[in-house]
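Note that chain A is present in both complexes that follow, paired respectively with chain B and with chain C.
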Partner chain A sequence: MQTNKSKNSSATPKAAFYNRAEVRSVIFQVIVFLGLAYFFYTIYNNTMTNMEARGIRTGFGFMSQPAGFDILLSLIPFEATDSYGRTFFVGLLNTLLVSAISIVFATLLGFLVGVSRLSSNWLVAKVATVFVETFRNIPLLLQIFFWYFAVLATLPGVRDSISVADSIFVNVRGLSVPKIVWSDGASIVFYALLAAIAGAFFLSRWARKRQENTGQPFPTLWATLGLIIGLPLLTFLIAGSPASVEVPKLEGFGFKGGMTLIPELVALTVALSVYTAAFIAEAVRAGVQSVSHGQVEAAAALGLPHAKVLRFVTIPQALRVIVPPLNSQYQNLIKNSSLAMAIGYPDLVAVFMGSTLNQVGQAVEIVFMTMMVYLLINLTLSMFMNWYNARIKLVER
Partner chain B sequence: MKKSVLFGLVTAAIFSTNVQADTLEDVKKAGMLKCGVSTGLAGFSQKDEKGNWSGLDVDVCRGVAAAVLGDASKVSYKPLTAKERFTALQSGEIDILSRNTTWTATRDTSLGLNFAGVVYYDGAGFMVNKKLGIDSALKLDGAAACIQAGTSTELAIADYFRENNMKYKVVTFETSDQTRSGFESGRCDFLVSDQSQLYSLRIGLKDPEGAVVLPEVISKEPLGPVVRQGDDKWFNIVKWSLNAMIEGEFQGVTSANADEMAKSGKPGQKRLLGSEGDLGEKLGLSADWAHQIIKQVGNYSESFERNVGMGSALKISRGLNAQWNKGGILYSPAMR
Partner chain C sequence: MDNTFTPIEARKPPSSAIGPIAWMKESLFSSPVNTLLTVFFAYIIIRFIPPVLDWAFISANWVGTTQDECTKSGACWIFIKQWSGQLLYGSYPEELRWRVNLALIGLVAVVVMQFFLPQHLRRRVGWVSLLVYPLISIWLMYGGLGLETVSTDKWGGFSLNILLAFAGILMSLPIGIIWALGRQSQMPFVKVVCISSIELFRGVPLITILFMGSVMLPLFFPAGVQLDKLMRAFIAITLFQSAYMAEVIRGGLQAIPKGQVEAANSLGLGYWKTMRLIVLPQALKISIPNIVNTFIALFKDTTLVLIIGLFEILSTIQAALQNSNWLGGHHIEGYVFVAFVFWVFCYTMSRISVHIEQKLNTGHSRS
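The block that comes next holds the complex of A and B.
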């Protein structure tokens, strides 16, 4: 066989340069690439030429022009005199804000419901099933409308606010709570918090090492929690309480001072969290059920209590099944957050593809930018989730 | 719907190479005028239970259809939100945009569009809850506003509060219905919009008496029909169809007496109605183009009173929108 083959190859004349497999593959790739590049160039060129011929302004010059309109919620200082470019970042940050909060809540709620569906308690399992089947099967937009126009809009007006201890107020304009105003010398508290977090990190590493070596457990959760809360608190008291509380007060048309959580953000967060949690719950259920029952029984036979069986046996193995669909759900949530516009939450689509687009009128540029942003956010998230997935996947020793 | 509009623009921008548009030919060939209107605004463009559209803006489209196709009913309406409207026109999805759209220099110069005239002289104003007991917009410092996204009012209110050193919060909704719901639920203290729209939104409230429109008018909002730039023939047709309605009122020609005036009217009336002169031919239309507009749709006054004036639920007085010789600024250039 070996000899036969070598004989053959030496017998046939060397293939022509353009017939060699590796050369061909390169040639075809170059051709495809050039073709694609030409295709996209034609699209770009045609778009520009046609828009110019129709007298539509093109380019990104508008980004530095003053916007001239106001925005309900902004994480960075924003005024009507700021540029259109800044409206882009205001919208982007608002999108990231609502997505981040919703992802946290959706995950917590999803895990809770997913595990509850497998509960041996009949009532708990049924309630979880009803939750999943209800929220998974109603269009998200309707749910957003429901939370905003049917639930939050029925709250009392500003003057009839529901108040708790005269410092927390709930009304149709949102939730007003007292704000902590830091005074001079408060920075030491933040340093203490940073130190506590670092300390907690090293403590838990040490505890894990010790347990691996000696088998002695350590109450890591309580210790780290105590450290993170206790140290800054202690510093705060020693530094002489360098902070004051600003209570919201009804003045003129609304509440002044304090912090206000706007109902648009609440409605959107609730709708996104609940809707996505229903899907996450199913992924969690699938993950938990994928762990063979023998493992749980073996762990129980070793004398591990139920909580530890979950923590050390079931969940680590279930996560391998849960994480990939979880990634998709997170990405869906981020994309779904663009429904914000329907209830007036100023996200990227509402602000930039809404107000800015209409004032400027350059649809092609603005829509392109917005699409790229969602793509970039989701690719970044995907990269992180893939990294996490690789970390938790089964390591074969 | 929005997606299709954007998709339309992008594909139109990408694939079309022929930019020499002839909207008149297209409309004649289709036998139908595609008209962009609002998603529902009493008096200007709204749909009844039977699916028939009516309103001042709708009458502009009906007028153009009567002039071009000889039949005011040959219009297909496309409801658009404020944000979608220009894209729909740019992409050719509609032939004419008649959707309470403010004529601004920026829009006229940077969108590849042309404003063909003014059908209603408007200005942005405020509607507040009566319970607040406010009689002037200057007392609105610190209040929250409900507003519709993508309108020139968004800019007007920012200017107004800045000029007067006042602060406000703005809640921006996508459609005027949502804006009204927000105002009704108490999410905001006042609603900002064009004055004409305020009246129209007010009668849609559960308790219209509970809201008042403040006297301040904070901006110029001349509303008019819009067409694509680069098709002057079509631009002329829309412009003069609107002028025909205005001139019709000035000349005293109504839907009732148009037939008679065409035969035995004064020279000006005859010229308008096409029984003298060749205005129709110059526009590329039939001689009786304006005759059809006035006969089928009515003159400006008829349309105004029927849709927004005393014959309607809105009961808006003519004000600025009266003829120039009756205290208003409505003026058609010479029909000769």
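The block that comes next holds the complex of A and C.
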């Protein structure tokens, strides 16, 4: 101990107090903290003075006041007499609606195009390349305008609707499609579906365990598909088909019955799906190309047929590369859905940051709430995708 | 008798293995499914491409000045021709547009110089132009010091898109570097501040930040301070872009082997010298392709400022379509033209990014 101490003091001259790394780190952080504190304090003070001068109230009291404006599309019942708080949820649900639909279409289209780019068919590969290079190099807002003002606005009027099999109608007011109307006793079909999903889950677990123990494969995919489709179908038939299809009909100046998708929703969905699909296609292509050729050749040498090579060798390895960029593309899509405002689709930004902010004028609260919602949605999605990524990632020994 | 062995001339491969027919067999009709796909897409191309070409070129209207002269069935390019000044310069006074041109030419010169100057001059010239060019272009655009002042609400058109994108990337580079370094810092408070700024601005749509800039920012400043609309949009874009830039640079920082920092430390270099002389030059170099990619994204996103009422190219087209002299429904012409302009710029830049990536691919991994 004694020697050690003396050695220390003689060999390395003690650094000056203010030159020690720990001390510097603390001093630096204190300076940053004070700087930020001063910055936010000034902003807070200025904001308070300005709001007082302009007569803007603070707090979230406005949330319970009546809104007084109508919203074009709402998934929950909404009237002009409902509160501003309710406009928030109407907008949020509309954002989630358009995001969910677009994510499904973008994923399907993106995987299709991405795989097509690697097709052995020259023409298919070239068409896919042109698709990707066209749509990802044009601003999304422009694409939304194009679909909305140049394509959908030139569709025929209600009376001259383009019809497909007399049940789907396309016109300038949107897309009318048949609706399924559930009657009494339909809930049993829903329960059957839940039971089938649970059954499929346990079946696939059992099949995997059996294969690990005995090596005997089980046609899991077909069995679970059969279960999930078959069981509800069977209960549906046994219960005496408790549902009917309601086809939209032209009555007077509009369509009655069925379900009408407003053109704003259609334009936004098409633009978001196509734009994001171009990026997803690139991610898919990179993922498939990242699987080294030796893997496929080795699998073929083991005698696996092409379909099994894809299922057991290529796709699992490609997915590891595809999932992280897919995650960020989904987040981008949700954020981009806020461009809805430009064509008047009533999403969260248009309803809450647009109409409500215009009437209430409480910019700080409303902007803060809207930002937090997007952060929360993206965080949740990110957590789910990270969980999925952890599940499929390489198990290293 | 001549006994030397003369080989007979090698036979050519059978015509079924080379040539266009073999190529078609291989890459268009290799299986029934492929044949079906080929026929399907060929049909679509033959069905739709000629009418589109006819619309855009053959029966298009090129000559004239008013809508009434668009008599042929194709595109009415007169519309674009008549509005081209507005589309490029917005309401910038016509006799002063040479100043915008000069600023744009200067920009092109600064960028091109980086590719053609001799290696040893590039960095020095690069730094100087990085500091001097923005000042000169602001002076040219805004005026003052002997030039007539043009207020920012007159700026517009495609030159505004270019200006916003370049100014945004230039400002976001230093902020992004600081945030990225802070994110990797050992100091917990600094780390938390940087991570939360990055995640906040990356996790919300650009529109909400633009709104924040246009409705909240004026409240933040003491009464009497007036920020003009362009400035507020620019601050919003910079914050948004800095978060993305920070993530790109973090990717570059993470790719630098730890040994580099350790070697620098053992040479006695402090933190800032290590970063400035050893880590950042390498990290920035490998980040260049991704910086170009975020630039492309930002360039496309500059169209969003139309939502807060700035007259960039897309809102100029929207205004032109509402003009009472041009109410004939020229939506398709307008959008196709703007799309084409953006496409040319973005596609070229993405090619450049790929090119740089290949050129820089000198290997950093230790395998």
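By definition in this document, the second predicted complex is superposed on the first by the 342 of 397 C-alpha atoms of A that agree within 3 Å, B and C clash if a C-alpha of one lies under 4 Å from a C-alpha of the other, contacts with A are read in each partner's own complex, and residues count from 1 in each chain.
Here, a residue touches a chain if its C-beta (ideal position, glycine included) is under 8 Å from a C-beta of that chain, and two chains touch if they have at least 3 such contacts.
None of these values were measured; they are calculated from a predicted model.
Chemist: Please indicate which partner A:V367 is in contact with in the superposed arrangement: first for chain B, second for chain C, both, or neither.
Modeler: After superposing on A, A:V367 lies in contact with both chain B and chain C.
Chemist: Kindly classify A:T47 by the partners it touches after superposition: chain B alone (first), chain C alone (second), both, or neither?
Modeler: Both chain B and chain C are touched by A:T47.
Chemist: A:A342 in the overlay: touching chain B, chain C, both, or neither? Say first, second, both or neither.
Modeler: The answer is both, since A:A342 touches chain B and chain C.
Chemist: Per the contact definition in the header, classify A:A207: touching chain B only (first), chain C only (second), both, or neither.
Modeler: So A:A207 meets neither chain B nor chain C here.
Chemist: Could you say whether A:L357 touches chain B, chain C, both of them, or neither, answering first, second, both or neither?
Modeler: Both partners, chain B and chain C.
Chemist: Tell me the contact category for A:G252 with respect to chain B and chain C: first, second, both or neither.
Modeler: first
Chemist: Name the contact category of A:I101: first (chain B only), second (chain C only), both, or neither.
Modeler: Neither partner.
Chemist: Touching A:A150, do we find chain B (first), chain C (second), both, or neither?
Modeler: A:A150 contacts chain C only, not chain B.
Chemist: Is A:I228 touching the first partner chain B, the second partner chain C, both, or neither of them?
Modeler: In the superposition, A:I228 contacts neither chain B nor chain C.
Chemist: Which parts of chain A are touched by chain B and by chain C alike?
Modeler: 43, 46-47, 50-51, 53, 149, 153-154, 341-342, 357, 363-364, 367
Chemist: Mind pulling up the chain A residues that touch chain C in the complex?
Modeler: The contact residues of chain A facing chain C are 25, 28-29, 32-33, 36, 43, 46-47, 49-51, 53, 119-124, 127, 133-134, 136-143, 145-146, 149-150, 153-154, 331, 335-336, 338-339, 341-342, 349, 353, 357, 363-364, 367, 370-371, 374-375, 378-379.
Chemist: Which stretch or stretches of chain A touch chain B in the complex?
Modeler: Residues 43, 46-47, 50-51, 53-57, 68-72, 80-81, 149, 153-154, 157-158, 172-173, 251-254, 256, 263-264, 341-344, 346, 350, 354-355, 357-361, 363-364, 367.
Chemist: Looking at the complex, which residues from chain C come into contact with chain A?
Modeler: 27-28, 30, 34, 37-38, 41-42, 186-190, 193, 199-200, 203-208, 211-212, 215-216, 218-223, 296, 300-301, 303-304, 306-307, 314, 318, 321, 329, 331-332, 335, 338-339, 342-343, 346-347, 350
Chemist: For the complex, give me every residue of chain B touching chain A.
Modeler: Spelled out, the residues of chain B in touch with chain A are 6, 9-10, 12-17, 19, 82-83, 86-87, 90, 106-107, 110-112, 132, 140-144, 149-151, 154-155, 157-159, 162, 168-174, 178, 181-182, 185-187, 189, 228-230.
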